[in-house]
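Please find the structures below.
The following pair of complexes shares a single chain, chain A, combined with chain B in the former and chain C in the latter.
Entry: the complex of A and B
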């Protein structure tokens, strides 16, 4: 017998046997989220409008996100200890905790899960944002919309209260501040990974070894707190498993990045984002099924490349962005509609090689060193330099430096980073104030004129370069 | 070859009809509540002036925020590209365009071939736009066309501390209650708007010739403050409000030539 949600879940890659196994859990979750037949119809149209569901890999990725949502919503009911981390987050600690107790722990970035499911699949994110605004993070105060989603999710009771929060201020001090407020409101424990992001302009990729030692110590302190609160010991073995799981996803993403350099661009940047963002949100099922979905997607995309099939005109200007779509795919689709191939993000190419050979003693120091090289946790200059390196490596035609208006580390560099990237790559760079998580004030329509003019500019540049040749 | 450019802006809609590179006539009407209706009326008026009919038009390009609503346009292009093209027709030395319209403000940098090489635009706030002036005119009971000349008489410009249009309106009412002179209030308002645009444009730099377009370019007060702030003379086209539509008409000619070449 077909049930009202079957169509949507099948559209999102669920197989018959999975439907059978998951049915009870799915129904519990849909009841909790107040998603009935009408919402399923809306979601079906929304998914078809925003995603290339002719690709099995895309459907499986959507399915991986849905499974993550199910596991998140039911974690507490199913007796799991719940741990939350924020976005952006230092890669690894969450994965390591999960690897240390795979059956007993649910660990994720719940706000990112809600963005990809309640946003990208169900188009029902606004009530959650509004609940966040009503419960401590009011509108009009320049507050982070991602944090509003977390607070809204908790206030509405759709995500469970955590047993522990990983509070990190290494990149975003705002997340740690909200964790503090949530502790005051709900009383759950927070383990802080203290940090400091003050680096000199021009220092990247070098860094002071003391910073690595400090971050390593902070992570160790954090794991002590995990042990004390959850009675879970994160061993070297758990770290090893965590890193192996991440490597699996990133190796698939590397292959996908290569395929995205094909002309014409074979698949929308929205779909590659579905894969990339898993690493920032999940430590559980989605991280297990995600790499399989990426592998299927790569095979399908490879066939498109071989046949010269693209979703955008051949020769379209290729651009690099900071982050891909997170809660609203229409922003990236708008960029593609005006003729830009959104083919790469700052995270698309591997990190630079370690420039200093200092033998770091613990897994946490090794992790800290890699994080520092990734740039985001280093400094504003590191972001500019990563833009330069990625733009040069992938030979893009332009950069859209879309920054989160409410993010202090991000928005402070709105002008400086644009100028630096322009001067050091010679590429036109559009500094675009936007909101990755809440498109109420930054809709695709509102940003369209700027992006369209930028696309015209890039095409004129291509044409004049062609004339010169 | 007869082409037309239609610029459907937030406050006004403009049409320009071009015979090759020679403007034949133009029309300007308030956009009102229906962009579709405005698009129909504005072209009708321009055609009437030129003694032409729709069938005489070889190609039409639309621009402005309502550009997608012009059913008879064969192509829609952004205001940024159209302004560059429109300015280039008569002011070939232009390297910077300041465009302040009803809903947005932009600074556009051009190379010697009139290609747009960089631009910056106000984000989501009306503070640096014509709408700001309209609201202030309403709050002070002054005709919008009189605001510029009166502002030049202000000897002690008031400090307008609110950059938000709505809050600035309340601030005006308070300043009026303090019996501040109308000219000083207007001078303060003009300075506040101009500063927003200059700060925005400084991220690109201003290079001469600097050309001022859009409806607000008709305001002598804003022009004077902009010149003081950037330290360069500012040129204003004879009819600055139609530059976007003019550019669209010129681009329509290019598009027509390209499509004719392809069809041969």
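Entry: the complex of A and C
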């Protein structure tokens, strides 16, 4: 017998046997989220509108996100200890906790899970954002909408109270403060991992070795807190397993990134973002379903590349941007509709090789060093330099420095990064304030005129370069 | 107050004094006024510290719009405006700018000024938790500052010089403390405006002169030469109280309230303790400035500051708290949501939150809210 949600779940890659097995869990979750037949119809249309569901890999990725949502909502009911972390976060600690006790712990970034499911699949994020606004993060104060989603999700009771929060204190002050707000409100413990972005402008890729030592010590302290709070010991074996699982997923993501450089661009940046963000938000489904879904997607995309199939016309200007789509696919789609190939984001390209050879004593210091190299947690200058380096390596035609409205770390370089990239690459760079999580503030429609003009300019440059040749 | 008048006269000629000092080969070191740069290090190197403390002018904040988006802290946007425009002459005279990086707003200032001006800048990190590893990181930062100052001035910061500088700064802290504590009395002998003027002056004035001014102020107050303030007693707290941003102080006074104690992360020099000269002095400095200081709201968790505010509210016997935050300083915004219930639970006191972007158009609304608050607590 077909049930009202079957169409949507099948569209999102659920197989018949999975539907049978998961039915009870699915129904519990849909009831809790107040998602009925009408919402399923809307969601089905929304998914078809925003995603290329002709690709099995895309459907599998959407399915992995849905399963992550189910795991999240039911984690407490199913007897799991719940650990939350923020986005962005250092890859590793969350996965290591999960690897230390795969059956007993649920560990994820819940706001990102809600973005990709309640946002990208059900288009029902706004009531959650509003609940966040009513519970300590009011509108009009430049407060990050991603955190409003977390606060709103807890206030509405749709995500479970955590047993521990990993307070990311090395990138953003706001996220750590929201963790404190939630602690004051609900009383759960927070384990902060602290850091200081105190590199001088121009310093990247160099860094003070003390930053590595400091961050490594903070991560070790954090694992002690995990042990004390959750009675879970994160051994070197668990850490190793987490790193191995991560490598497997990231090798697939690397392959996908490479395929995105084909001309014509074979698939929307929205779809690659589904994979990339899953790796950043989930320690469960990302590791279980993620590698296979990415592998299927890669094979499908490879076939498109071999056949010269693209989603926009060959020769379209290729651009590099900061973040992929998160809660709303329409921003990236809008860029593609005006004829830009959003072929890479700063987060989707591999890390540069280590330039400093310092023997680090602990696995956490090794991790800290890699993160410093990646740039995001190093400094605003590191982001500027990464833009420059990646733009040159990928030979893109332009850069969209699309920074998150209300994100303080992004704001630190809101104007300087554009200037730096233009001066050091000669590439046209569009600075675009947007909101990756809350489309009420920056919708695709509102930004379209500027992106269209930018696309026209890139095409004119291409034509002029062609004339000169 | 005579002391305030004399300080005002001194500050009028301070720039000329600094120009002269610079021409004689002295180095002038600017710093952001968050209380994490030990001035003692600057004095011990023979240089002159200048806290970049000016604010309150919306036109400067608007000017910063060409360099950074608007949803960053107002005071630091103002510093960007002053730094790039040269409209604060102190930015033009400093040889070096030391920026303790406390949060994203300060990091933004460091980046924007480094990229858009010729200022020589040394950022160093202030972690957000009080632990062994964070103290060690802060100490490492201070050692970098020390090395840079020695390189700039050619003077070795040795123990005798540092000890002497600590004595000097201790004297200033002690005098500020003595004056401030007089306000515990039922008869409040000094207005908040005057106390804040003295405290602000300490960021700019010649230190020896400032100590004399503070001694004069203390003596004046002991002799009850100054007028006594009466009205509902208020604790004023918040993120930054800049020189030139006296809006809230003026309005409270206008409606008959008396601010008897201020607690701010930036713009008010911490004066609650003196440095104990035991032990290795660099470690002592790090311990004093990082571990012993009541932390701002961007420390995690923020309970130590909440407890301190509650203690101040009780000791200074206030009738209410005004929480004055600048726009987009998220740590303060978030705490302003849940601190009132903690305050109510612990003391029964009400709290009014006031926000500012240094915009003159806010004044009417702020006046109405403060007036109503004072009327409420007066009953």
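Quick note on the criterion: the second predicted complex is superposed on the first by the 469 of 469 C-alpha atoms of A that agree within 3 Å, B and C clash if a C-alpha of one lies under 4 Å from a C-alpha of the other, contacts with A are read in each partner's own complex, and residues count from 1 in each chain.
By definition in this document, a residue touches a chain if its C-beta (ideal position, glycine included) is under 8 Å from a C-beta of that chain, and two chains touch if they have at least 3 such contacts.
Every value quoted in this text rests on a predicted model; they were computed, and no experiment measured them.
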Original post:
Superposed on chain A, are chain B and chain C clashing or fitting side by side?
Top reply: fit
Original post:
After superposition on the shared chain, which partner residues are touched by A:464: those of chain B (first), chain C (second), both, or neither?
Top reply: first
**OP:** Go through the superposed model and pick first if A:428 touches only chain B, second if only chain C, both, or neither.
**Re:** first
Original post:
Touching A:381, do we find chain B (first), chain C (second), both, or neither?
Top reply: second
**OP:** Examine A:441 and indicate which partner it touches, taking first as chain B and second as chain C; both and neither are also allowed.
**Re:** first
**OP:** Report for A:415: first if it touches chain B alone, second if chain C alone, otherwise both or neither.
**Re:** both
**OP:** Pick one for A:453: touches chain B only (first), chain C only (second), both, or neither.
**Re:** first
Original post:
So, A:300: does it touch chain B (first), chain C (second), both, or neither?
Top reply: neither
Original post:
Where does A:169 make contact in the superposed view: on chain B (first), on chain C (second), on both, or on neither?
Top reply: second
Subject >> chain C versus chain B, contacts on chain A by residue >> reply: C
**OP:** Specify the angle subtended at the CA centre of chain A by the CA centres of chain B and chain C, expressed in degrees to the nearest 10.
**Re:** 70
Original post:
In the superposed model, how near does chain B get to chain C, counting Cα atoms only, in Å?
Top reply: 5
Subject >> Doubly contacted residues of chain A, that is, touched by chain B and again by chain C >> reply: 415, 419, 433
Original post:
Given the complex with chain A, which residues does chain C contribute to the contact?
Top reply: 66-69, 71-72, 101, 103-105, 107-108, 110-112, 114-116, 121-129, 131, 133-134, 136-137, 140-141, 297-298, 300-302, 327-328, 330-331, 333-335, 337-338, 342
Subject >> Residue ranges of chain A touching chain B (in the complex, touch as defined) >> reply: 415, 418-419, 422, 428, 431, 433, 441-442, 446, 449-450, 452-454, 456-457, 460-461, 464
**OP:** Give every residue of chain B touching chain A within the complex, in rising order.
**Re:** 65, 77-81, 104, 113, 115-121, 123-124, 203
Original post:
Given the complex with chain C, which residues does chain A contribute to the contact?
Top reply: 136-137, 141-143, 167, 169, 172-174, 176-181, 183-185, 190, 192, 194-202, 208, 210-211, 214, 217-218, 221, 379-381, 403, 405-406, 408-409, 411-416, 419-420, 433
